[in-house]
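Pasting the structures here.
Heads up, the next two complexes both have subunit A, just with different partners, subunit B and then subunit C.
And then the complex of A and B:
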């Protein structure tokens, strides 16, 4: 039983990673990050169930709370980014690039 | 404790003098103040030393003061070993040091670096006392290097003159060559004696295997040859006369240069039972005595003549080490007194004649009795005329050589005694009796003359030092015969000098071919220059121009270039500024680290 849950968690995590790396839309990337967080939360929940204690559940609650906080920050940030460039394509935000190297 | 005062007084003195000299303009300190402070250290040190001498002469004392180093089994204590040898030597050093400090007040009068001079002199005295009194070879080496650096600083005291700086460097570098040997010897000694307490008492009980002992002995001899200016490391001593005259007297005649002899005697536990190193040393000493004596007969600079005679007399001491260290120490002490006297009276003459040092430009000074008598006493003492101190000690060495069967050394030393008398009285007659016009005379300060008179007494009566030393006495009859023989030899030397230079009139000396070679010091300096300096220069030029410029520098440049090219390519493809590619790198390298750590652990 546990293996199935872990398999689902890994699948979710990998989908999240692929989303972060491959997608261009910031909203989609953001959702993919949430997906990765959920995958981890699922693992914690599974292990808490297997080990018959509540520590994992507590951490899951913590993760959900922090994910909510992160979501509010992230959405505000995306709004600001959109305001400055009128686009949500991640490739337009290249300010981190070192001007001398190109 | 008295020994602390003996050592600390000059150290504190030099420290204060140094600090106050640097701030003399701010504080407005006068020369008198520096003179007082400069005298305080040596006087306190001498008084303490005299008390110490009176208290503990006759029984040897090993004082441990504190632990200096303690690293993983390597432990060195700072401590002092007071036996009859070190006590006599230390009181001799403290006494002469004090006198010469007093003399310097007159000699350095009005000099810009007055305070600095006394700072160095105090430091020298402290180092010399450490060298003499130390109870282990490492602490002795501290003093050994201390006197070396003071000698360097004082030779190059007038550092505005390039020649003086060169002379200082020469002394310093030649001494480093010797010290290199000494240091290797110390390390070998430490390794060979592992397990015992590393001081003279502990080392006394170690039995070294002969080959190791010979190796260490030769290393130490290298140090002694450099410090005591013997063949082949002697060329620094004549040049060292560039320093102020009190330095020549204190450091380069009476105390520091004799450190080599003292060291060999101090390490008797090592040298005893080894015939080879000591015989070699004696051979070098005898050859050096003759060689320096020959050069001295043609030198014209009053101080250089005395410098060569110092080297010659040190040769006597080294020669004596092979059969009687007592006689060597005896000559060390008497020589210290009369050579200091000679240098100091030469200094008085130099001051009186406005820094004229060429003996052929002096003349007819015999009416100035305050210059005449000290020089006469010194000359008689060094020539070995009864009853001056030099007679007894030199006779002890020459007779010792004969009685112990060193016939070659005996012959050389006896001949050198005549040579010594000749070149000394050549100087004496030229300065005091020749008809050459001398510059107008200048008044000599009292402090210089006073010290000269005191030293006159010691040049006359210094033979009493024999009571503190362990010297073999053959029968009285033998001694009288030997004394008469060496007196006759000296008298012949004096007579030749009298014939040639009494009422001498020419401002130069006529020279044949051999004589001009002698006057040029056998071109030893030039040979050294050619063999060592020039070749080193050539090698360094080769390394600089070919190896460095043509090989190493391009290599360095190339590697920098390659690195730059690589980094530019790398940066162009990786630093794209795209968040998703950065996220990919992060993920990729996290995976790599995980796999790597899994594979390793």
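And then the complex of A and C:
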């Protein structure tokens, strides 16, 4: 039974990776990252159940708090970028990669 | 019964995740991801993490995703398909995690698999709160500092330089 739970968590993580790689919409990439965070949190909950230790569940709470902070900041950043570029395509946002941001 | 619930919840979680990466409009992806999050909350409940079930429903599906959907509604998103071009590099990048996934699935099949009986009150709010307070107090305070920093940062980037 343990390996079935771990299998689901890994499958969710791989789907999140595929979403980040294959999609160009910045919202979908953002939500795929949230999905990967969720998969890792599920893995921590599984190990807390296996070892009967509450450390894993506490770490899941911390992960959810970090996801909340990331969501607020990421959405604000997306709003700002959309205001300056009028697009949601990730290929338009290459300032940080090129290093010649105005 | 537990197997039945596990199969249903995991099927819904994976289906929601696949919908997230395959729907064209991001708003449909967000709604499909809420299904996935609620199903993951059900998996938490099967793992005796009752507090996490509550937090997942209230904070994740309730607050974070509603915020995301709300922000998405600000934009007039054109329904052009924003998929990546299927180049060789792109397929290689997708194939690598799939290969790693295959190895992990093989190793998982070799694992011994049985859950032990849970002690009384495992995952309850009172026990988890006490454990959080006595063993993870510093991390908890750092998380509050992080949230404050995120709040200040959001206000700074959205209000600070752009109105001047």
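Keep this in mind: the second predicted complex is superposed on the first by the 95 of 102 C-alpha atoms of A that agree within 3 Å, B and C clash if a C-alpha of one lies under 4 Å from a C-alpha of the other, contacts with A are read in each partner's own complex, and residues count from 1 in each chain.
Note that a residue touches a chain if its C-beta (ideal position, glycine included) is under 8 Å from a C-beta of that chain, and two chains touch if they have at least 3 such contacts.
Since the model is a prediction, treat every value here as computed from it, not as a measurement.
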item: A:40 touches, of subunit B and subunit C: first, second, both or neither?; value: neither
item: Which of subunit B and subunit C A:1 touches, first, second, both or neither; value: second
item: Which superposed partner A:73 touches (first subunit B, second subunit C, both, neither); value: second
item: Partner contacting more residues of subunit A (subunit B vs subunit C); value: C
item: Which of subunit B and subunit C A:81 touches, first, second, both or neither; value: neither
item: Subunit B versus subunit C as contact partner of A:93, first or second or both or neither; value: first
item: On subunit A, positions contacted by subunit B and by subunit C; value: 17, 21-23, 90
item: Subunit B-facing residues of subunit A, complex; value: 17, 20-23, 29, 90-91, 93-98, 101-102
item: Contacting residues of subunit C [partner subunit A, same complex]; value: 6, 10, 13-14, 17-18, 20-21, 26, 29-30, 33, 36-37, 40, 43-44, 47-49, 51-52, 55-56, 59-60, 63-64, 67-68, 71-72, 74-75, 77, 82-84, 90, 93-94, 97-98, 100-101, 104-105, 108-109, 111-116, 118-119, 122-123, 127-128, 131-132, 135-136, 139-140, 143, 146-147, 149-151, 153-154, 157-158, 162
item: Contacting residues of subunit B [partner subunit A, same complex]; value: 568, 571-572, 575-580, 582-584, 587
item: List of subunit A residues in touch with subunit C within their complex; value: 1-8, 10-12, 14-19, 21-25, 27-28, 30-32, 34-35, 38, 42, 45-46, 48-50, 52, 54-55, 57-58, 60-62, 64-73, 75-80, 82-83, 88-90
